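The structures considered in this document are given below.
One chain, chain A, links the two complexes that follow: it is found with chain B in the first and with chain C in the second.
Coming up: the complex of A and B.
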């Protein structure tokens, strides 16, 4: 009876660190997987669909290119949105009122409106008015503007959480302004923002799928095109989900690990 | 070391006075600043340390006037050691780095020399095993000993301690006070804001009583504790004695 319980429950271990034994973890993961598969299988059977993934081989080069395009879009957007985020976080604490209001209006507008609306709107501004005809570049710009607002909030939050006592100590040991940034503020901010920023990268990867509505040929758009030809909607989107997970799962795992590591330090 | 202020005061808003204008001039070796909470003790210490600017008045340390511009304050702070009540260590740095990084970056020590100096101090204060630990992994008493080690590492001309034991359990309080007494025996000059009256009385040459933003009494510690003149100091000391064993 006790053994059975250990297989399902996290043992308390006398108030020590709660430990999950390896067999119990494996067993429960299998159980969860079996449930999901059963659920899918049952649903598909009800609507009388038989999955057939064999067509994927035929499209492998297009799918691979789409996968690379999504990865590229996300990486470039990460870099630009970081830049935008840092600038607008700094701008929001600027003493020049115009800059301060400009940045906070930008952050509030972006965070308060849906991405799909921004994509349509900015595509006509960025694409048509600014003359950016390359859809990949337009996609990177639009996504960076969107994610930059979220990153600005992450950075602003960590700046606010810096304790006054740390800055006072920096002055007391004789650090100059620059040294204070280099040896105190930046290292503390990086450890605080890195887990959240990594998580934001997973969001960028997922959000990039919406760029398919302006026909940026990335992973989602590729799959949409393939499914429009062969009508294998279920297989296409199921596989699409798996491909996104291949990108986002490792990123989330890294984010979780970073979070745990930095928790120990604070 | 001669410390002098003239008409020194601090207020934040017109109605929020922290320190009333005060004058002071004396040779300071070891000085305890005592008084009720909110009396302006920490503010005065920060002004002396060049961490906040006075609203009015002038300040001389070692017969040099402390000018309130950032460049000269930065030079001045290098010559002073400051220990905060708590949270003064850089939380992302190990005990060793807390001491070594300022030595290297501010005082121009080489990397090897700053590390060996930091290790020497940690060993001296019984913290050799903890050199690699971050502040969060140290006890309150250990943290304060590291903070003191950092403050004295570059041989400052004056050490300022702002209630270094107020956040500590009694057993840690003793270990920190012992460290300060040892420093005194080596000739370190310091000003300490403290609620440890035994330490103020027996380990400090002079004592100053600050109450509601005014310097009410100043003199030899032994004299000040034995014969308090003002009613405020008598009441303050009386309250402290109420629960003494």
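Coming up: the complex of A and C.
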């Protein structure tokens, strides 16, 4: 009886660290999966939809290319948005007022408006005026500018969370400005921002799907084009969801693991 | 004890897997049996005093066929046509604005009873839903960039030419079938397609004559309108869920009655008087002229 209980409850080992045993975790995950499948299957039955995924084989090369395009789009955007994010986080605490306001207006504008509006405006007005005709490059730029604002806030938030006493301590042991950054601020910044930044990468992957509205041929656009011709909307979007999970699930698992690891270190 | 836990896990996995596999099988037969009865059932009530409500889905993005009036309510030719049908057959009509890609699924899932959204009757669509007799027809045309060097639709059918189409439209189907050399730019709405052409990013946009005519009038400096000869006439139908023969019969009877009573002339006069004149001058076939 005690063993059966362990299958459902987290065992309490006399106040020690609570551990979930591997079989119990597996069992409960399966239970959750069963519930989801049953729920979905029941819904499909109720509305009398028959799913037919056979067409996927015919389009596998296009889908694979779309998958790679989404991955590339997201990776490039991650790099550029990190750059933009660091610069604008630093800019927001600059002593030059123009830079300070420039960066904070940028962050507020981007975070306060929907991505779909930014995509249309940047692409058809700014993009056309400056001659950005390659849709993939335009997509990377738009996404980087969008995600950069969110990354700026992540970085700024963790900068603000550094206790003043640490800087005083650094000064007390005679660290120079450079040494303070090198040995006190940066290591902590990395441990504090890395989990959130990894999580943001998952957001970038998902947000990149909106670039399909300007016909950037990535995963979502590929699926839209396929479903527009063969009308297999449900199958296309179901499979689309699975493919996005293949990308985002590992990323969020890494993010969780990093979070746990840095928690122990602190 | 551990063994027993693993046994439970294995059992659960097997059940899960067989559940997935079995789902497809049972669904086949159940799905078919159910759709047959679902078609008849809702209409048994129509003889009683309270009027039955029919949900009509359309995309309110194609004036003057499907649009909103100043108060934001559904209006236009399709909306008027459905209201007339409601009076004719004794239904309350409730119009739901639905995005184009969601129209067919809304019938499949039963979220809507009728779809009327300037939808062309095609074989692919007929595999999924049933259409009434055609009530209007429309032809495709090309909106070409002024500097694109396009003077006929065949000019688009060569490598390096970029052709904008609205995702899932008949223009999209036409391009897939007849213009294999052109590079297709599949966009979610008409205004994006027109912008692509007006800005010179795309060489052409293929869509119905009325939309092309209007956007050409709006962008006389940057675009030209090209009409496509020798094309199959697109016929618009009213769609219902597959197998709903009862509703289909009522719709067909209504369309005959509406035609005989001069309903289409009234709609033209109300919504499209100017365009009718322009089309007559250019020699295009009118929407409700079903003779050819």
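The definition used in the following text is that the second predicted complex is superposed on the first by the 261 of 266 C-alpha atoms of A that agree within 3 Å, B and C clash if a C-alpha of one lies under 4 Å from a C-alpha of the other, contacts with A are read in each partner's own complex, and residues count from 1 in each chain.
As a convention for this text, a contact is a pair of C-beta atoms (placed from the backbone, for glycine too) under 8 Å apart; a residue touches a chain by one contact, two chains touch by 3 or more.
Keep in mind it's a predicted model, so treat the numbers as computed, not measured.
A.B. asks: Please indicate which partner A:35 is in contact with in the superposed arrangement: first for chain B, second for chain C, both, or neither.
C.D. replies: Neither partner.
A.B. asks: Go through the superposed model and pick first if A:27 touches only chain B, second if only chain C, both, or neither.
C.D. replies: second
A.B. asks: Where does A:169 make contact in the superposed view: on chain B (first), on chain C (second), on both, or on neither?
C.D. replies: first
A.B. asks: Look at the residues of chain A and decide whether chain B or chain C touches more of them.
C.D. replies: The partner with more contacted residues on chain A is C.
A.B. asks: For A:184 in the superposed arrangement: first (chain B), second (chain C), both or neither?
C.D. replies: Only chain B; A:184 stays clear of chain C.
A.B. asks: Could you say whether A:124 touches chain B, chain C, both of them, or neither, answering first, second, both or neither?
C.D. replies: In the superposed model, A:124 contacts chain C only, not chain B.
A.B. asks: Spell out the part of chain A that touches chain B in their complex, as residue ranges.
C.D. replies: 163, 165-166, 168-176, 179, 183-184, 187-188, 191, 265-266
A.B. asks: Where on chain A does chain C make contact in their complex?
C.D. replies: Residues of chain A touching chain C: 3, 7, 23-24, 26-27, 30-31, 33-34, 37-38, 41, 44-45, 47-51, 120, 124, 128, 133, 212-215, 221, 224-225, 227-231, 233-234.
A.B. asks: Once bound in the complex, which stretches of chain C touch chain A?
C.D. replies: 1-2, 4-6, 8-9, 12-13, 15-16, 19-20, 23-24, 27-28, 30-31, 34-35, 38, 101-102, 104-105, 108-110, 124-125, 127-128, 167-168, 172-173, 176, 185-188, 192, 195, 199, 201
A.B. asks: Residue numbers of chain B touching chain A in their complex, please.
C.D. replies: Chain B reaches chain A through residues 49, 51, 74, 77-78, 80, 82, 84, 86-92, 101-102, 105-107, 134, 136, 150.
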